[in-house]
Structure formats: C-alpha cells, structure tokens
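Below are two complexes that have chain A in common, paired first with chain B and then with chain C.
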Partner chain A sequence: MTRETIALKIKRQDAPGAKPYWNVFKLPYLPHANVISCLQEIQRNPVTADGKTVTPVTWDCNCLEEVCGSCTMLINGRVRQACTALVDILEDPIVLKPMSKFPVVRDLQVDRSRMFENLKKIKGWIEIDGSYDIGEGPVFPEKIREKAYALSQCMTCGCCLEACPQFTLTNDFMGAATFSQVRYFNLHPTGAMNKEERLEAVMKSGGIADCGNAQVCVEVCPKKIPLTESIAEIGRETTLQLLKNLVLK
Partner chain B sequence: MPKREKKIIVIGGGLAGLSATMKICEFKVKVTLVSFQPVKRSHSVCAQGGINAAIDTKGEGDSPEIHFYDTVKGGDFLAHQPLVRDMCHQGPAIIRLMDRMGVAFNRTPEGHLDFRRFGGTLYSRTAFAGATTGQQLVYALDEQVRRHERDGLVQKLEWHEYLGAVVDGAGVCRGAVVHDLRAGNIFAIAADAVVLATGGPGQLYARSTNSTVCTGSAAASAYHQGAKYANGEFFQIHPTAIPGQDKLRLMSESARGEGGRIWVPRDPGDNRDPLKIPEEDRYYFLEENHPLFGNLVPRDVASREIYDVVYNRKLGVGGQPMVYLDLTHQPPELLERRLGGIIDIYRKFTGQDPSRVPMKIFPAVHYSMGGLWVDYEGDGHGMIDHKSPRNQMTSIPGLYAAGEVDYQYHGANRLGANSLLSCIYTGLLIGPGVVRYCDNLDKGHDAVPSSLFDQAKKNWDNRFAEIKRMNGRENPYALHRELGDLLLTNVLIVRENKKLLETLDGIDGIEARFKDIKCLDTSDWSNPTPSFINQLYNMVHLSRIIAKGALLRDECRGAHYKPEFDLNQPDRFDPHEFIDYLEKKHYGPPREEDYPPGHLAYMQRFEANEEEWLKTTIAQYKNNGPEISYEAVDLSLVTPRPRKYD
Partner chain C sequence: MSKLTKEDLHFFLLKLHSLTGIVPIGIFLTFHLAINSLRTVGVRQYQFSIDLINNLPFLFGIEVLFIYVPLLLHSALGFYITFAGRINVRRYPYYHNWMYTLQRITGAVVFAFLVYHMGTTVVPKIYYGKELFDAAPFLIDAMNREFQTWGGRTLYLAGIFSAVFHFANGLWGFCVSWGVIVGPAAQRNAGVVFILFGLVLGLLGAATVVEFSLHPVPVAPSLAG
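Entry: the complex of A and B
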C-alpha cells in the first residue's frame, strides 16, 4: 500500500482538569515512519489539516526502542508504545489518545507515579548489605534465571493497568505489574529472605484479592510478561501466608 | 565540632547517577536526585550487549591487566592509563555487586555468571542479561536508590531539568538551578557539591542510536560556565544499526559476539535473495581483512571498513548504504536466549526475523568519548586513590561529572561493553571523594548567602522569559534537524578539513538563524518548547567544539579519521617492531636493514605523529566559541604503539 499522506487525529488537553479537544494533522508519508516520528514532524510544522497553527503536541518518550516504557498511549484504541507503532501497519487516520487510567498531565502525557509508589510499598529491591565487594552473589540455576529475566523486563509502562477492568483512576488497586514484581523479587535467593513482607504488602487493600482475573493484562503486555502466571502464584502464596498468619497468631 | 549536615545534588539517573547516589547514601549523606524523566526510564536502559569484567571463568587466561591493555589500545592510547587500569581492576567487583543486587545475568550450567565475546578483545569478558543488559542494570540500581528514598536519604526531582550550576565569586559551585518541567517554574537548590551524570550528546546529530534526552545540554552549560571540555572530536560511530526516521536503532555488537557475520555480495549487481547466495559469492570483508579479530574488530575499524565497502567500492546491498549482519546460521533457540532483546527490536521495526533472514544494517552515531574534563588522583602505584576529592571533579570546584558525560576512560575509541563499566565505576568512585570534598569545605551550603541563589535563579528566569519572547520565523525543531544533517554529512567516519571548515561556517549560519526562532508554545504548564530552545542553543555550541577539535587535529586516531593524514601502515607490520625500534634507538640510530622494507620509515612517521598529537584536546569557552589547547596524557604504564587487529 503506498500512501502520500497520513492523517493523525489527536486528543489534546492543555492541563489537568482542562477540557479535552481534538486536532487533526495531515503529514507527508515517509518510509520507516512510526507514531513518534509523526509527532516530531508535527513539532517541525504544527499546523492542523484545516490550516490552523497550534502549539506542538506534547508526549513523553525517550529510548524510542520500546525499553524505557515512556511513550505508552492509546493508538487506534489500543494501548501500546508509540515508538513501535509503525505507520505502515496502522489504519488511517491514526487516532491518538492519552491513557485513561492515569491522570492526564497534558495532551498525551500522563502521570504514572502511582506505579513507582507501588514498587516502594512492595519493597521492590534486594536487601544487600552494602555496595562494597563481599564476593559473588548466590549461585543459582539458569532455569530460575530465565524465569526471573522474563519478569525483570517490566518497564513500568502501564499497558497492563490501562487494560485492567479492576484498575481505575480513583481506586487503590495495585495491578498486575506490581504483583509480578513481587514474584520477581521473591524468586531471587536473597530477595526471598524478605518474601513475607512483600506478600503482606499485597494482602492489604488494593492488593491481590481484588484481582478479578479478567486476564486482559497479559494480552497487552509488550514484553510478554507471564502476568496471569504471576497473579496465580502470588494468589497461592498469599493464601498460604494468610493461613500461616492465622496459625501463628 | 558537630558535623554539619551535608547535601549533594546528583543530576541524572542513568547508571552513573544512580550508582553515585547509592554510594553517597551509604555515607549517610542526603542526595537530591534530579532527572528529566523518571530515573528508571533513563537512556542507560538502551544498552543491550553487556558489561566487561575480566573474571576469566572460561580458563582463557584473561585478567584485569589484559583488559586494561585492550582498553588503552582500543582507545588508540589517548586515555589516562592509571584510571583505565583502576577501572579494569574494579570490573570484577562491580559485576559481583550487580549480581548480588539481583541482575538477571545469564548463567553457566553450574549457575555462575556467563560471559561472551565483544569487540576489540580475544577474551570472553562480557557479562550480559539477554540483550537488555543496560535495562537490567538500571533497574537494579534504581531499586537500591528507591530503598534509600524510602529511608529518607534521597529526594527525587523527576521531570526536572538542570539548567546550570550556582557558582560563587570564588568560582566554587554551591548548588544548581533547576527547571520544573511540569509546573514550569525555575528555582535554585543549595548544595555542597553537584554531580553531573547527564549522559552523552548523541542528539547533536539529530539521528543516532541515542535517546531523545541525550542533548549534552548540561555539559554545554558547564562549559559556558567555564568548565573545560575534552576530546570532543572523538565520537563513536557504531558499525551496526537499522535505519529509521526518528532513531537509528542499534543492533548490538553482541550479535557478532554470538557469531554474527558481516558480508555483502561479491558482485554488486547480485540481487538474489541473500539466503540463495552461496558462500563463495559472499564477501566477508571483516573476516578476510582481519583474520585474527574477524567480525569483532573495534568499532572504529569496522565502521571504516563498511564505509569503504559501500562508498569506495560500491558494494552496498542492492546499491544502498547497507551491509548484511547475518545470524541465520545460529540456532533460533540460542538467539532467543542470548540476544532476545535485539532480535525483538529488529522484528518490531522491520517486520523481519533475523533468525531467518540476514539483517540489513549501517553505521550510526553512537557514543561520545569526549566530555567534560575531570580530574583524578593517582595512588603512586599505577592505580587511583579512591578517597581523593579530586576524582571526577570538573575544572569548576564542587562540580563533578561521571558517566558518558566525562571524557577519560575510552581515549579515541571506546570498546564495546566498557561504557556500562565506566558509568558504574565512576559513579561509585565519586562517592567517597565527593563526601570528603564536602567535609573539607570552608563553609557548608546553608552558610552561603541566599542572594547568590536568588541571582542565579533570576538570571535563568530572564533567560527563559527572553526565549518565550522569541517570535521569529525559524522552527527550533527543524533547525535542530539541520544542525544534525550538517554534522552527519561532514563530521562522521571520514573527515576532511575542507568540509570541517564548511561545517564551522554552517554552525555560524545556524547560530545566526537561532536568533530568529519562534517559541512555538509560550504557556507555562508542561511546555517542552522553551527548554528545547535552550538545549538547541547548547547543542550549537557543543557542535562547534566537535567540529573545531576535528579540524585542528591533523591525524588519524581511533574514531577520528582523516585520509589525508593516514600514516599508511605497511603490510605485515607487527606492533612489537615498534617496541623493538624504541629499544634499539637507545643504542644508536636504527638501521633500515633491521626491518622489512618500508617499516622503519613508517615507524618514524608514527613516532613523529605521536610526538605531535598524542595529547588531550581541551576546549574552553572564550569569545562565543571554543578556544582549543592540548594537555599531556598519562602514559606511565604501557608504551603506545601502532594498533593492529589482523
């Protein structure tokens, strides 16, 4: 399919709480173009299809190779990263909207700090003694490593939360990414030493018990993280932990 | 005397900034960590292939000393040797630390760390986590910093931009001026010291393998405030990237470390499906021209070879500037496990599967060996005194630099997988020194008069007000593209003085047009345009350092190549001949007949060139442009000699 122009329809909003509005842009078609390169083209020529000069659209991005997680947005209704959204395989017009489950900052930018706060709540780190050289880390099988690696690629992009029916703008549900990180840290031999604290963190309000098992998270995760497996496993572990707590108390 | 409370600002949350923050926190000193974006999304996440440390788990006889030699040789001897040596000796400890922090490094059947090969060495020295090593390292450090954040030692200012240092009348850095990228306001923060860990300036070229925030703007700001900038002309062009409008996406050297081969059809008109082209019709030019290192020659060498094959010999695939990077002979399962990250990138951006079809790649701007000049203190035994406050300090007292933004570990050409090492190494190294610097200060940050900060803030407020008033005809983003195109055409793999002169004129032209910019958006809230205009201004000045440094350096060294000054190494030259030559010189004038024909003359040319050019380029801001001077390189440990990788 050869095209001469491409159309972009973008939902804009000047500030949090401001009224959203739409702009349509027509751009020359270029080979290898993706949604980011189109947005950059708009920066170079911020004129709408009906000839009105507007402010350039704002969005977040950085790595442009789907590893930093910045540029998540809704593209033709689907939540994904803009950098890997190739124009050649997108339907025209390309409709861009900010994610709906996070507060809009401006245009396509949203505030995902809630995800980082959750990482604090679950103690998402290995409790090392210090950074001085005290020798090699624990020896463990490549098989476990592979399992951990699959989880460690989570780039806090928010796709899974956008898709999740349980996760809303106003509730405190933690969501799949966070549960999966609990599993990740608990898999590590040193991380496992604080396993219970992490489980306790997802047994509170907004925790794993609120998961409705819709299983859409795993479908949208760009890193193919086995989220439903993580949820099932953390579900089992928290149940055990609950029983343990009952017996011990 | 009660100890006063110390405070340090770290700008940047890539590997260098995060490791510096973590280390400083271990001294129970408070850190304000400033970054454009959430630190977890820093540019360092792009790093794919791995991180070097000579742990020799495969019985190959590798050692930190060999790593040191490979690194200084790879850098064409332009790096200070005690620093490189110290870094290489710290390598194993750094890998063990990252391993303890939970990085999912690939492992051996026994469960130890696995290592693979990378360019410019004959040893398996590169630890890796699939092909997303940078991401994994950033996450591990980010997690440790989050732990310190929970403990109240770290205050993060994400979505904040560093504009400049607060420098007092005595020239000492007393804090930083920061711009809130959401609310739009500007404020000054007092501190005992400021660490710039702001990464490289790949965006000067507009299209590179770098992330969008890599503008080098913070370094340029320091340069404008009087800091020395060193070796700017040494920019690494990575041999293997895929073309794109917005970014040239890297296909890591690890692809070749895992057996990838570079080739083109021998016959330029050969339009057959690459898989149908038989071995004898393929030209594996790196393997043929460099039998010893093959596809793993250093990057400067590989990029020049590709350039030569494509432009001089017109052998690019389908007549295009492209060569094949072929992994199709490797089992798909191995590719998935050891290179998954980059295989995915190639698939996503080209729609093709590298396990079935050879990738089409071309060199791209990748890494700046140059950067802010920083100091160090040797321990007198060929290593570094880890407690010295001088380590990593720029020429502005109290202003430090670590990571890609500094200049001193990679000489004229960086070896693959050595940057992640130097970033973490410098981050950790800075810790004890900067804390000691704070202890030694005559007065702490809280005793500095507030008028100094008010003034600094006011200057930047005025500057941004001025930018917002710009109402000319030039679009800043389009002008950035033009600057990038200018550098891409003239300051790349092969450089000529005539074109470099044109580039400097071109930069003047862009600076003149800069004054006619229109600030496309003048609102206050979350408005990136004024920031970008300020960054563009800084990029214009940085590119001048690079072009002028390149113009003045009339020689070939590492990534800086001017055919006019090629010393033409004779065939079958052995670098040890040069050591022998130096030795023999002590006993009288060397004799022509002691060497194969042409070798003595070459060695004499080489020696004269070293005499003239083996020195660090220093740029200082004077009269709206860089004034260039040169400094000696610390060569106290190994004798520089001609490089050779055949």
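Entry: the complex of A and C
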C-alpha cells in the first residue's frame, strides 16, 4: 500500500501551566521517515490540516540514535524516543504527547531535572580526587564490568518513570533509573568507597521502599537495562544496611 | 542508631508495612484458614480447636498485640501507598502491573471484608461476654447463619480469595523488596511457588465455606462454662 500523506495529531502547550490544546498536521508521506523528521517538516511549514498557520511545534532532540534520551515522548500512547519511532510501522494518525510525569516546558518539551536532582542525591559519580590523593583504582573484574556495562547504558530518558504507576508528577518517588544508578556506581571498585552514602540516599521518603514492584519499568526500558534486578539488589543492600545501622550505629 | 528523622521514619514504616504483612498477619491468615478447614474433618475437631484458642491465657492481649495493631498499621500504610501511586494497567497491561493493581484492589476488599467479619464475630463475642467454652458455640452459630444465604457465601468467598491473593502476591513482593529473590529467573520461579501456595490456601478456605453451607451443624458448649 502506498501512502500519499500521513497525519500527526500533536498535544500542544504554549507555556508551563498553560492550557493544552491539539493541532493536526498533514504531511506528505516519505518512506523511512521517523517522528523527528516529521517534526522538522512541521517546523519548515507550520500549517495545520485545516490551513491555519501556527507556531512551529517545539521538541527536544540531540543524538538521533537513541543514546541521549532527550526526544522521549508519548507516541500513540506509548513512551519512547521519537528518533527511533519509524513512521512506516506506526499507526496513522500518529498521536504525539509530552511525557505526563514531568512538567511541560512547551509543546513536547518537558523538564526532567527531577531525574538529575536524584542522581545528585545518590552521588551518581565516582570520586577520583579530593583534598588528598586516594590513589590508583583497584582492578575491575571482567564479570562485574559486563554487568556494569548493561547498567551504564541508562540515558536518563525517563521511560521507566513515565510508565511507573508509583511515580507521579507530585510525589517524591525516585524511580527505577535512580536505583539502577546506585547499583551501577556501587559496582565500581572505586565507586564502592561511597557505597553506604548511596544506599542511605535511597533509604528515605521516595526511596527504594516506595517501589511497588509493578515492573513496568523493565518492560518499557529502550536500553533493556535489568532494572528490576537492580531494584531487588538495592532492596537487598538497603535491608542489610538497615540491619547494620540498627546494631552498629 | 542515630536520631530518627522524618525521612528515616518513612523508610522504616514502609519496611514495617511489608514485614507485618508476613509476620504476624500472613502467618495468622494461614493458621486461621488451616484451623477453620478442620470443619471439613468434623464438627468436634473444629469446636475443639476453637475452644483451644479461646482458652489461651492473655487471649485479648495476644489478639490486640499480634493481630489488631499490626492489621491496622498494615492497612493504614497500605492505603497511603495506594494513594501515593496512580494505577495505569490499562495503558501498560503487563503481568506484574496487573499483580500490582490487583494487590491494591484486594487489599481494599479485604479491609472492607474485615470490618464486616470482625464486626459480626469478635465485636459481638466481646459485647455479649462469650468467653472460654461459650465462644465456640456462639461463633459457630454465627457462621452457620452466614452460610445459609448466597449473599453470605459470596461475601466470604470474596474476602477469603482476596486475602489469599494479597498474601501470596505479597510474599512475592516482600521477597523482591527485601532482596531475597534478585535475578529474573529467581523471581519467576518464586512467583510459581507462591501461586501454588495461594491455591492451597484458597482451596482450604473454599472447602470450609462449602462444608458450612452444606452442613450447618449447631453445637453446645463442650464443658460447663
């Protein structure tokens, strides 16, 4: 079947807190097009299906190869990256909405700084220097490196949080991505020096105990990161830390 | 331990929520259903077991400390957890998301059922002072009446199955949350084991309901009270 045109139905919002509205755009069909190239087409010619010229739709994107996570949005109701959403295999009309669990900046752009704040809380980095020399890093066993590599692919896209029933716009739940990063940095031999601090950062309100094990995170993760394994592993570590704190502190 | 902050308390209470679901509530549920299923063996065995429980020393204290307080705590925290999230199983209809959703629904059903169940057993038992050997005839009489109607049977089956599901699935959730089962294979296998466990408990409950419905045998006190 050859298609002449494709339709894009886009949920728009002019400013944070403004009332959302919908625009429908009709674009000429191009084989191998993705959602980003359609949005670029709208940017070139921002005329709706009923002939009205509107402001171009705004969105975030960067790498265009599903490694940066910035073009994450709801495409036909499902959270995913726009760059790898191919028009040829999407149902028409293509419905685009901004993620619902993060505050909208404008149109399809959302503010995901909550994820960044959580990474800061868990010390999502490896301390390599300070006021004193902490010396050379220990050897990294290959088995652990393999495990860590899988976790390192997290691009903070927020799919796991968007799909999580326990993560809402208003509560303080940290969510799968953050817990998996605690595991990631604790796996590193040098990173393990701050293991307790990271664990204690998720033993708080919004932390690991708030997880309801709906396990949708692992289903929607575009990088197939073993998020539920990370959650159980951090669950184990924090349980042991709790017992340790009870008897040692 | 250093000074407990509000943030620490939150973590502590949620851990307590999942722990109380197993000890003592889950253990109580298992014994409750197992002992009641003695009714299918015979009325005397059943009455004897109820006599045994109702003649325990410090019964009221045991009930308050090991049943009512944990149950209230577990329920209150459960509703808090439920309202902190937003169910989205229609958009993301995966197996464990269904379990997550059903866990919350069955929790609410069990809570409503327990208000009725305790309101028609424990409360009148205490109100009319039916203690020691008087308790069994009083409670068995109440149950005989409940299972005369389809309404009562449905109510009890809904309550029992909800409680059993909530406990079996809660066991799985507990094992994941506390890091007892970590890998995907371990989580899957444990899921199967807990389903089988739930089926056995559910069967015990259902058999008791059927026995009561078919043979509502009234009893007199075993010994002169």
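Here, the second predicted complex is superposed on the first by the 240 of 249 C-alpha atoms of A that agree within 3 Å, B and C clash if a C-alpha of one lies under 4 Å from a C-alpha of the other, contacts with A are read in each partner's own complex, and residues count from 1 in each chain.
To be clear about the criterion, a residue touches a chain if its C-beta (ideal position, glycine included) is under 8 Å from a C-beta of that chain, and two chains touch if they have at least 3 such contacts.
Computed from a prediction, not measured in an experiment: that's the story for all the values here.
Asker: Looking at the overlay on chain A, is there a clash between chain B and chain C, or do the two fit?
Answerer: These partners fit in the superposed model.
Asker: By the touch definition at the top of the document, which applies to A:4: first (chain B), second (chain C), both, or neither?
Answerer: Neither: A:4 stays clear of chain B and chain C.
Asker: So in the superposed three-chain picture, is A:140 touching just chain B, just chain C, both, or none of them (first/second/both/neither)?
Answerer: After superposition on chain A, A:140 lies in contact with chain B alone.
Asker: After lining up the shared chain so the two structures overlap, which partner does A:50 touch, if you call chain B first and chain C second: first, second, both or neither?
Answerer: neither
Asker: A:125 in the overlay: touching chain B, chain C, both, or neither? Say first, second, both or neither.
Answerer: First partner only.
Asker: Examine A:165 and indicate which partner it touches, taking first as chain B and second as chain C; both and neither are also allowed.
Answerer: So A:165 only meets chain C here.
Asker: Should A:231 be classified as contacting the first partner (chain B), the second (chain C), both, or neither?
Answerer: second
Asker: Give me the angle at the C-alpha centre of chain A between the C-alpha centres of chain B and chain C, rounded to the nearest 10 degrees.
Answerer: In the superposed arrangement it comes to 160 degrees.
Asker: Between chain B and chain C, what is the tightest CA to CA spacing in Å in the combined model?
Answerer: Between chain B and chain C, the minimum C-alpha distance equals 21 Å.
Asker: Can you give me the overlap between the chain B contact set and the chain C contact set on chain A?
Answerer: none
Asker: Using the touch definition from the top, list the residues of chain C that touch chain A in their complex.
Answerer: Its residues touching chain A are 1-2, 6-8, 10-11, 14-15, 18, 81, 84-89, 91-92, 94, 96-97, 99-101, 103, 172-173, 176-184, 187.
Asker: Can you tell me which positions in chain A touch chain B when the two form their complex?
Answerer: That would be residues 14-15, 30-34, 36-37, 40, 43-46, 55-56, 58, 60-70, 83-84, 86, 89, 105-106, 109, 112-113, 116, 119-120, 123-128, 130-131, 133-137, 139-142, 145-146, 148-149, 152-153, 155-156, 185, 188, 190-191 of chain A.
Asker: Please give the residue numbers of chain B that touch chain A in the complex, ascending.
Answerer: 22-23, 26, 37-38, 40-43, 45-46, 93, 96-97, 99-102, 104-113, 129-130, 132, 135-136, 139-140, 143-144, 146-147, 149-150, 182, 211-213, 243-247, 249-250, 337, 341, 345, 348-349, 351, 428, 475, 477-478, 481, 520-521, 523, 525-529
Asker: So in the complex, the part of chain A that touches chain C is made up of which residues?
Answerer: Residues in contact with chain C: 77, 163, 165-168, 171, 173, 203-205, 207-216, 219-220, 226, 228-229, 231-240, 242, 245-246, 249.
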